[in-house]
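Both complexes shown next keep chain A, but they swap its partner, so chain B is in the first and chain C is in the second.
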Partner chain A sequence: MATAKDPNLRPIRTSSSFSRNPSAPSVAAPSPPVPGVKPGPSGAAFVSSGIPDLDKILGGGFLLGSVVMVMEDADAPHHLLLLRNFMSQGIVHRQPLLFASPAKDPRAFLGTLPSPVSSSKEERQRAPGLDPDAKDKEKGLRIAWQYKKYFGERQVPELHDRGIEQDFCSDFDLRKPLERQMFRAQQIDCISIQDSANLAVLREHCSTFLSNLSRNDGGNVNAGRIAIQSLCAPQCGYSEMDWDMVSFVRSLRAMIRSSNAVAVITFPTSVLSPSFSKRWQHLADTLLSVRAIPDEDKELAKLLTGYQDMVGLLHVHKVAQINTQVPVILEATTFSLKMQKRRSLILERLNQAPVDASSGTSYATSGGCSGSSKGSPLDF
Partner chain B sequence: MNPPSNLLDEALGLGHGGAMAPLPAGRVVLVEDCVETSGAFVLHHLLKRALSAGEGDGAVLFLALAQPFSHYDRILRKLGCNLSVQRSNNKLHFFDMLKLEFPGLTEGNDIEGGFVELYSKIQRAIEASRSKEYSRGCITIMIDDLSLLEIAACGSIDCVLDFLYYCISLTSELDCSLVILNHEDIYSSEEAPRLLSHLEYLADIVIKTEPLSTGLAADVHGQLTIFNKGTCNRHGHSMNKIHNFHFKVKENGVEYFYPGSQY
Partner chain C sequence: MAETICRTLRDGSLEGEQSPALTIKDSLQSPLGSHVFDHFLSTLVSHISAGKSQASGLVLVAFDRSPSFYLDLFKTKGLDASLVDKSVRILDCYSDPLGWKDRLLHSTNAEESILKGSGTVFKNVRDVNKLLSSILDLGKGFTGEGKVRFAVAIDLVSIMLRHVSLPSVAGFLNNLRSNDQISCIFWLIHSDLHEPRASAALEYISTMVASLEPMMQSSDGQGTSGSLLWLEENSCKAKFHVRLKRCNGRVKLLYEELHTEQAGIRFEAASSVRTIVNQNLLPRVQFNLQLSDKERVDRARVVLPFEHQGNGEAIQIYDGRRSLSEGQKDPYLMQPSAFSHKMNTQTNNEKGEIHYIRDSDDERPDSDEDPDDDLDI
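Entry: the complex of A and B
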């Protein structure tokens, strides 16, 4: 682990007898690694969500065998950002993909998938994403008191570890669409759920998709991805059938548990009754929600730094805990969605600007979904 | 060898006198949890207690709707209990109901029929357990979790309640205990939480896990409230007692402590 190693030493100092062992036992897998799949604790395996920051927040990525649910915001389609990156990542890693959407022509959505950034120069510029100017600072602090190592924070990954990270999670450029040739010879199933009277068809598709996964090459089972957009959208024929929908989610969850795939389902919570919304939330292994940020909110502008760059907010309600009873408690659960250089999606912890004691009471009136006593607009 | 008693066991009335009983026979325990704090660890704790009761001293029937066997196996192994061995010794009867569907979603009869079949499976397993000559201990039936059983029944609460009443009859007739995990926040947001009121009325012990009012924290994962009806003090007067304390879940166990007493 990072804290056990002396942070003063870097691999560029070849004269030192200590060198960071790139293949630490916890990372090396006994079997040849499947591209795009990373081993985790307790025999789990991760695939990337397509957003490097989200992978870090969730402790590695999306767990294979788990169901990720994203609660949509009625005002803004930020859940599509998550879906797009998730699907693109699967295509880049040649993982079979099943996509269901309430649109008439789901294949059209594939045209909006982002393309990965290829050049390494860009990647190095991107490096100080979470720790701005960390490398420069660390050079300058060599003489000064280096308090960072005592906090046990994750070290800025070294350059060749960065290479491994790049393979697992690509950096996507949201302005550039994914090249058409990536779609050929690639197993992508698109289904429209708009006209379905019930969910039996979708369930069949998912079932065949998942059983086909296990029949791929004998050695390594390829990881599969299922992406379902707006499962309970009002335009779907079955949207009034509450029990059928929750029954579908339950059976999908059971199918995914015993397979090498991950499912991302987005759903608009406002369409469901509170009781059923809770049922869906309980069925999720990882639960996220996205919220739009109003454009010209002066209160929020005062409250948060960097407000102008923010596209929306992401809240992590639950993180998958398969094979363990210990809950995953994150240091921060609310993150801002930002577009860096207008092209890549980053998640940042919120930095609250110092608030006067006098103006603090004004936030107590704005309602929050969590019902906490703070009632700040950031709770949802 | 008595395990050190912890706050949860004491609140359940299990810690006194060094009794190794997993649960006093004939009790119905309801574990309620919510999205923010999962109550599964209570089930794991009770499962471990029931299986550690010693040779020939009771069995467990586990109706697993939420997770596959491997999940529980891994968790209980870290807690010091080998589920595979217990299963092969017939101390643990594991019903893998992850994909349980009652056939015929539209006809009420088939849902009822499905439940009848499930109940007879349970009854057979209990009778098979009891027939062994040395077994006289308590049999614990655990359901993880009830809201999934309701989904499998496509929302017909009547069938679910009937099934539950039948299982509860087992607690008095065949000396069993019943432990049910339920997601309370699903029902409390309903207008008429029928199932929840029935359950809370029927249960002898209600264990509720909730987050702290201040939110989640790394040191304290939540708070437990235990309502133990029908505990008797020395003079035979019944005392209803409410316990409340905090907990922190770890891989090899759970720490329970009163608020503020954690170093």
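Entry: the complex of A and C
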């Protein structure tokens, strides 16, 4: 038969029944990998959000073909941090970018985008956070079961591909702006949505942008990014047309589903009526919210470790699941936003400070009717 | 604190950033908002005249009260009239906001509109762009060294919202804020004249929100019926809450009490200190289970009350007392959880033996508890 001569078929001779062979030129991955796009399970593809911790939390990054919505807090501009990292990552990976904002001059925002840090020792120091657990596991496992083989296979590429991990998601230095020359070689469209009386213009722009990124073209299409800041900000002309805004987001979502792009939309929930705020939240595939924390709050400082460094809180409400019926269940949904050395953004799980036994706080009185005038914030 | 607000208004904006914006919010139940506005206005004007503020002048957009009221106000506060003249320009949107007098002039030849010294009459409040340009024109009239910036005070944004839609007002305020000639801007609204959406939108645009709340909450919804005491209390006192958005992304919440007096208002530190804890903050906070290095070393050193310490030494049982004497050996293989039962019997001898039969050994297999019954075959 021709099988012996055919280089595309692998001879099935290994002892285990199935062996995963990533280098097999099978039909699953016909095209060479696009820079900045990582394949995931169930035929999904991820692009990085620009924040390594967020990628890990969301299970790989932002799913291509999904809409990410970020609920802003009226009190703090943290959504801009997320947007900046997202846009910078797109520029670093040479992905086309569409940016819409209610400012008069959206191009000015591009000047605040952070530039990636060239790999240094410090990143390697942080990255081992994921690896020593793996190494410990390898040493500590003494169960006589063959799965260790597969573990070894999977983990060795992880260790070697740390370089590739860095390519997927760069570490950004928020103090340094992105170099101008990166903008010139790029396709970046900026639109101001303040003076538009309706959303037709924005919709036009989005559809022309996405028509170049359609998923049905075979072959290698680059992933695109759409970033819309404060879509329902009160100064935009259409901000009282609630139903129009909802239908815009729905049509954007439909357009994105069939293209190789990710949209990140931030919106302030406080300026929408509660029912429409819920509708917007349901339209999202991935829903995050940022929240400000009170300043100089002694209660909070006692409750949490690392309160001094915290900039704000990030809450993950929903994680996108496309082509799969298995939901992503997160261990923790609330994270603190911290600036590491004022430079890069990290997300950490909230850690409770050790309880001071002498202070007699209300942890002990977590019953329904506590005598203290203010309830413990942990009552749940 | 009111002082913080006055200071922020005085210091104005940083280069390249939008100017600070203050919303003063009151309601029917605590109607002292205009007093608060007057207080901030006169403080700022005195700072401007004394040259202590970033702004070289102030443009006052008067919707609710006539310019003469403000001139009298400045006089009662002790501000010199000539200084006021130099540093304050009033845009009069009170006398004739929609330009009706002009139309009447045609037919009846009535009195002409008198242009006061420092007031320009604005006749078309529906045109927001024109309002913006008039403000900027008035602002250009201020002289000063270096970059000339001026402050803007808007008497009552609620009246603006009557004439134009919310997006226009929001856009107008936003344009003012982002204009680099503006040092700071503040305005007053009556929150019960609008839908909550409008107040939320204005709070979204501003960097400081000062809201007035009644001292005594009324039990019924109306609030006007009921005790005279309540009315009296609320018409001369109020709770003053301030929410400041700081540049590090955090929110500062302050609280004071407000009392009206003959000469104006007075702010007092709160009599009952209430900490405002963010209640909806953290549903699940985990404990940090990671050990630091020191903790790890300490943990390795702890002597466990087991037989085997895991380090190859002779079997020694630590019974919790201070001294770890060598002779105390007990050749029984109990689980450590039941250890405490037997501690008392160890007192005497080194060569004592204890025979112990586990309770579970002499149990008969209980027929009720046939474990195979659980299998549903």
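Observations on the model:
Criterion: the second predicted complex is superposed on the first by the 282 of 380 C-alpha atoms of A that agree within 3 Å, B and C clash if a C-alpha of one lies under 4 Å from a C-alpha of the other, contacts with A are read in each partner's own complex, and residues count from 1 in each chain.
The working rule: a contact is a pair of C-beta atoms (placed from the backbone, for glycine too) under 8 Å apart; a residue touches a chain by one contact, two chains touch by 3 or more.
The shown structure was predicted, so the numbers you read here are calculated from the model rather than taken from an experiment.
When both complexes are superposed on chain A, chain B and chain C end up sitting side by side without clashing.
Of the two partner chains placed around the shared chain by superposition, chain B is the only one that A:258 touches, whereas chain C remains out of contact. Judged by the number of chain A residues each one touches, C leads among chain B and chain C. In the superposition on chain A, A:246 makes contact with chain B only, while chain C stays out of contact range. Smallest inter-chain Cα distance, chain B versus chain C, after superposition on the shared chain: 9 Å. In the superposition on chain A, the residues of chain A contacting both chain B and chain C are 273, 333. Those residues of chain B whose C-beta lies close enough to touch chain A in the complex are 35-38, 40-41, 44, 67-68, 70-71, 74-75, 78, 98-99, 101, 105, 147-148, 151-152, 154-155, 183, 185-187, 189-190, 213-218, 221, 249-251. In the complex of the two chains, the chain A residues touching chain C come out as 74-78, 102-104, 194-195, 233-240, 268, 270-273, 292-300, 303-305, 311-313, 332-334, 349-352, 374-375, 377-378, 380.
Only residues 165-167, 170-171, 173-175, 178, 197, 200-205, 243, 245-246, 248-253, 275-279, 281-288 of chain C touch chain A when the two sit together in their complex. Of all residues in chain A, those touching chain B in their complex are 42-43, 242-244, 246-247, 250-251, 254-255, 257-258, 273-275, 278-279, 281-282, 287, 317-318, 321-327, 329, 331, 333, 372-373.
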